[in-house]
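Each of the two complexes below includes chain A, the first together with chain B, the second together with chain C.
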Partner chain A sequence: MRTRTKAGIVILAAVLSLLAGAGIGSVFVSPADICRVLANRLFGSPLPENFSSVTPGLVLNIRLPRVTLSFAAGAAAAMGGVVMQSVLKNPLASPYGLGVSSGAGLGAALVIVSGLGAGALGTLALPAVSLAFGLATVGAAIFLSSRLDRSLSNNTIILTGMVLSLFTNALMSTVSAANPEYSQRILLWQLGSFSGRGWEASAMVAAVAAVCLVGFLRLSPELDAMTFGEEQARALGVELRRVKWVLIVLVAALTGTSVAFAGVIGFVDLIAPHVVRRFIGARHRLVLPMAALLGGAFMTVCDLAARTLASPSEIPVGSITALIGAPFFLYVYFSHRRR
Partner chain B sequence: MLHVEHLTCGYGPKPLQNPVVKDVSFSVSPGERLCILGPNGCGKTTLLRAVCGLLPFEGKAEACGLDVRTAKRRELAQKMALMSQSGQVYFSYTVYETVLMGRYAHSRRAVFAQDDARGAAVAEECLRRTGLWEARDRPITELSGGQLQRVFLARTFAQEPQIILLDEPTNHLDLKYQLALADDLRAWAADGSRCVVGVLHDVNLALDFADTLLLMKEGRVVSRCLADGFSTRMLDEIYDVDVAAYMRRVLARWQG
Partner chain C sequence: MKKWIALLTAGALALSLAACGTPAGSGTSSAAASSETASEVSSEAASETASEAAPAEKPTEDRSGAPISLPDEIDSIAVMAPSIAETVVDLGCGDLITAIDTQTEAYALEGVPAGLPAFDMQAPDTEALAALEPDVVFVSGVSVIEGENMFQPLVDMGVCIVSIPTSSSIAAVEEDITFLAACLDRAEEGQQIVSDMQAEIDAIAAIGETVTDRKTVYFEISAAPYCYSFGEGVFLNEMIDLIGAENVLAGQEGWLSVEEESVVSANPDVILTNVNYIEDPVGEILARPGWEGVTAVQNGGVYTIDNKNSSLPNENIVQALKEMAKAVYPDLYEGV
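And now, the complex of A and B:
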C-alpha cells in the first residue's frame, strides 16, 4: 500500500471519529445535521423549518467542545510520545516520564483538598495550578539532570524524571490518604475525563497542540538525525543541546496543558507512535501529523465508549484507553519482534 | 587541511587532571589517509572524538580553516564527517531516507519544503556508488550489519565532506565488507583534495589502507611515519608483543 493511501486512511479515520463523537449519544445527530448546525453558526446559512430546537445547543455547547478536547488531548499525547521516544532514543519513553503528569497530579490534589476546586474559581484554579506544578516538576527534573550531568545525557533525564515522578506521586498519595473525603475526587481526576469542560479548555489544548505540531515539524530533520544517537546527530550538524532543550520544553508545555484540562490519560502516547511508525514509516515529517491524527481519533473513540457504554454514568476514559491499549500494544510490539 | 596542536582531553568533571589524550599534535594534508594505531585505552578514539568536536578539549584543532571548538556544528559538518560503528537502529527509515540525512548540514530550513533537487541528486549518486540504489526502499531495520554499514558510508559521502573521520567502522564486519569499505574510502580520497583520518581496530587493515600512521601509547603520540617505511619493531613497542614472531607463526601455518 502506498504511503499516500495509508495517510488517507488515517485522515478518514480522524474525520469519522469526530463525526461519531459529535453525533452519537443520548440523542443521535446525523453527520448532515452536524454540518447544518456548523454552517448555520459559521456562515449564517438558515436551518430547515422542522429542525429540532435542542440540536444546535447540544452540538455546539456540549458535543463539539468535548470532541475537540478529546481529539486535541489525544493528539497531544501522541505527539509527546513520538518526540520523547526519538529524543531519548527509547521506544518506551513517554512524555509522562518527565514527571509532568505526577507533578500536575500533585497540584490538582492540593487544589481539591484545599477546597479551592469548588465553585467558579475552581474551574480556573484546578488547571492553572496543575499546569504550574507539572511544569515545575519538569523544570526540576531538567535542572537536576543538567547539574548532575552537564552533557544532559538520556539516561540521566530518564532516571531523574522517574525519581521525581515517584517522589511527587508519593506526595500526592500522602495528601490523598490524609484527606479520605477527597480521595475519590482525586482518583477520578487522575483517571482523566473530558466531560463538561467547555470551549475554553478545548480551545486552549487545541491551540497549544497546533503550535507544538508546527514546532515539532520544524525540528523534524533534527528528530530524524537524533534517532541514530546523539554523537551521530551532532556529527551530521545538529546543535544537539539546544534542540533537545527546545523539544523538551515544548513537550512539557504540551503535556502539561493537556493533563491540566483533561487529566492523565495513558497509553495513547505509547500506542499511536508505535502504530504509525510500524505502518507508515519513520520520517518525523510524516510520523508527527499522522500520530497526532491517530492519537486524536483513538482518544475520541475511547471517550465515546466511556460515555455511552454505561450510560447514563461514565466510565473514566483512562480505563478505556488502557483496556483497549494494553492488549493492542502487546500485539503490535510482539508481532513486530517476531518479524 | 586538518591541524591539531597540543590537544589534551579526557572525561569526567575535571578532564584535565587525568587526561586520556596528552598534548597531541599532528596534521593531515589533502589526499592523505592517516590511521591512528595503538593498544586499547591509548586514547585513539577519544582523540578522534575531540577532533570531531564531540568532546571538550584543551589546545587547538582546525578543520579546513574552521576552529573545531567554536565553529557551528552545521558548518563543521559541511567539511567533516564522522563514520562510526553502525550500532543499533531503532526506527525503520528506508535506505534512501537514511542517506538523505547526510544532507542535513547542506539543506535549507523550511517546514513543508520538499527535499531539494541537489540533495536528491547527491543521494542518488552516493547510493549508486555504494551499490545500494536497488535497495533504496528497504527499511534499514531489516539489513545485516555489513549492509547497514554501507548505508552509513553512503550517508557519509552524501555529506560531501572534505575530511572523513573513521571511528572503528569495520568492527563486527566480515572481511569482504572490511575490504570493500577500505576500497571505497581509498577511491574517495584519491582525487587529492580530501583526506581520511581513522581509527581501525584491525592492524592489518590499517596497514593496508593507510599511507600514514600515527602511533599512540598512553595518550601520547609515539611516532608518525609512512606506512611504507614501517617496521614491525614499532608495533612491538606500542602493543608490547613480538609482532614479527606472531607473523612468522601465522605465515608458517598458512604455507604449511
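And now, the complex of A and C:
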C-alpha cells in the first residue's frame, strides 16, 4: 500500500471520528442536522420547523466543543509521545514522565482545596494554575538535569523527571488527604474528562497543538537524526543540547495545556506513535501529523464510548483508552511482526 | 567475639521492636477488658431494672439489623451524622450530646451544645471517642465504606454503636425517627414528630394528586462540570413525585453523576438545585453554554432549595418539600 493511500486512510478515520463524535450521544444528530445548525449560526439560515429547541445549543455548545477538545487533546498526547520517544530513544517514554502531569495535578489540587475551584473564577483559575505548576515542574526538571549533566543525556532527563513526578504526586496526595471533603473532586479531575469544558478550553488546546505541530515539523530533520542515537546525531551536526531543550519545552507546553483543561489521560501518548510508525514508517515529517490525526481520532472515539456506554453517567475516559487501546495496540504490533 | 556482638545487637533490636508493637495492643486489650466488664455490669443492672419495671422496651436491633444492647440510662450521646443530630435535638435530648461529627459542626445546628469535640464520620479517631465514654454512639450509612463500618474498633471495644443507614424512602425516614425515639426513651415526642410530618406530607400529596399535566424536573445536588443528581430509590425522588412532578432521571437508580447532554436532551420544565458552595447557583445554571434551549432556562424556571433540609434524611425534609412544591407549582401550593 502506498504511503499516500495510508495517509488517506488516517485522514478519513479522523473525519469519521469527528462526525461520529458530534452526531452520536444521548441524542443522535445526523450530519445533515449538524450542518443545518452550523449554517444557522454562521449564515443565519432558518432551521426546519420540527427542530427541537435544545438541539442547536446542544450541538454548538456541548457536543462540538467537546469533540474539538477530545481531538485536540488526543493529537497533543500523540505528538508529545512521538517527540518524547524520539528524544529519549525510549519506546515507553511519555510526555507525562517529565513531571508536567503531576505538577499540574498539584496545582489543580491547591486551587480546588482553596475553594476557588468552583464557580466562575474556578473555570479560569483551575486551568491557569495547573498549567503554571506543570510548566514549573518541567522547568525544574530541565534545570536540575542541565545542572547535573552538562550534555543533558537521556538518562538524566528520565531520572530527574521521574523524581520530580513522584515528589509532586506525594505533595498532591498530602493535600488531598488533608482536605477529605475535596478529595473526591481532586480525584475526578485527575481521572480526566472532557465534559463541560466549553469553547475556550477547546480553542486553547487546539491552538497550542497546532503551533507545536508546526514547531515539531520544523525540527523533524533533527528528530530523524536523533533516532540513530546521540553520538550519530552529533556526528550529523545536530546541536543536541539546544534541540532537546526546545523540544522538551514545546512538549511541556503542549502537554501542560492539555492536562490543565482535560486532566491526565494516558495510553494515547504511548500507543499512537507506535501504531503510526508500524503503519506508515519512521520519518517524522509523516509520523508527526499522522500521529496527531490518529491520536485525535482515537481519543474522540474513546470519549464517545465514555459518554454513551453508561449513559447518563460517564465512564472516565482514561479507563476507555486503556481498555480499547491495549488490545488494539497488541493487534497492530503483532500482526505486522508476523509478516 | 564479633559474631556474638552482632547476635546480641540483632536480638536487642528484635526485642525492642516487639516491645514497640505491644503497648498499643495491650492498651486496647485492657480497654476492651475494662469496657467488657463495664458492659457486663451495666447489662446486669439493666436486666435487674428491667425485671422491676420496664415502661418501654428498648430496641435490641439497630436499623441495619445488627444486634445492640442499649444502656438503660443514657446521659451522654455521641452523634456522628447531622441528620441524626437534628432529630436528637427535636426529641429533646440535645443537651445530652457530648460528641459530634465534622459535618454537624459545619452546619452549626441549633440545639447542639457549642464547643463539642468533632470527629470525621468516615475516619474517626476511635481512641479519642472511646475515651469520652459515650453511653451510645449513633452513626449513619455514610460511615460504612464498602461494607466496612468505620466504627468497628469501638464495637469491638464494647461501646454501644447504633447504626441508622441512610433511608431511601419517606416511610423509612419516619421509621428511623420512631426508632431513635425508642432508643432515647422519648417515644411520645417521636410519635408527635412523625405525625406532624405525615400530616404536612399528606396535605401536599393531596394537592399533588390533582395534577394532570405533570411537569418534568431536574434536581441537581452538584454543579457543573460534575453534575450530580438522582433517580429512583432516593427520598428526594419520592418528594418530586409527591408534589405532582416527574424526575427526568426517574428511569435511573440511586445517586448518579450525569452528563450535561443527557439533561439538556431531556429538556426539563423546571430545574431545582440545592448547591450552596458557589455564589450564584441559579445564575450559573442559566449561563451554562449549551443549556439555552432548555425550557427551564428559557422560562427562568430555575430555583434553589435549602441545602440542609433537602440533604439530611429526617423530619426537616418537609420544609424542603414545601419549597419544592412552591417552586414547581407556585399557584397550586400558594396556601401551603
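Keep in mind that, in the parts below, the second predicted complex is superposed on the first by the 312 of 339 C-alpha atoms of A that agree within 3 Å, B and C clash if a C-alpha of one lies under 4 Å from a C-alpha of the other, contacts with A are read in each partner's own complex, and residues count from 1 in each chain.
In this text, contacts are C-beta pairs under 8 Å (C-beta built on N, C-alpha and C of every residue); 3 or more make two chains touch, one makes a residue touch a chain.
This is a predicted model, so every value here is computed, not measured.
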item	value
Touching partner for A:Gly196 - first (chain B), second (chain C), both, neither	second
Touched partner set for A:Ala225, first chain B, second chain C, both or neither	first
Which superposed partner A:Leu187 touches (first chain B, second chain C, both, neither)	neither
Contacts of A:Gly25 with chain B and chain C, given as first, second, both or neither	second
Touching partner for A:Glu314 - first (chain B), second (chain C), both, neither	second
Which superposed partner A:Ser53 touches (first chain B, second chain C, both, neither)	second
Which superposed partner A:Asn61 touches (first chain B, second chain C, both, neither)	second
Which of chain B and chain C A:Pro91 touches, first, second, both or neither	first
Contacts on chain A seen with chain B and repeated with chain C across the two complexes	none
Of all residues in chain B, those that touch chain A in their complex	49, 52-54, 72-74, 76-78, 81-82, 84, 87, 89-94, 97, 101-102, 104-105, 107, 109, 111-112, 139, 159
Touching residues (chain side chain A, partner chain C) in the complex	25-27, 52-58, 60-63, 65, 118-120, 180, 185, 188, 193, 195-199, 307, 311-314
Touching residues on chain C, where the partner in the complex is chain A	120, 122-123, 223-227, 249, 252, 256-265, 267, 277-280, 284, 289-295, 298
Chain A residues touching chain B - in the complex, by the definition given at the top	86, 89, 91, 214, 217-218, 221, 224-225, 227-229, 231-232, 234-240, 277-278, 281-283
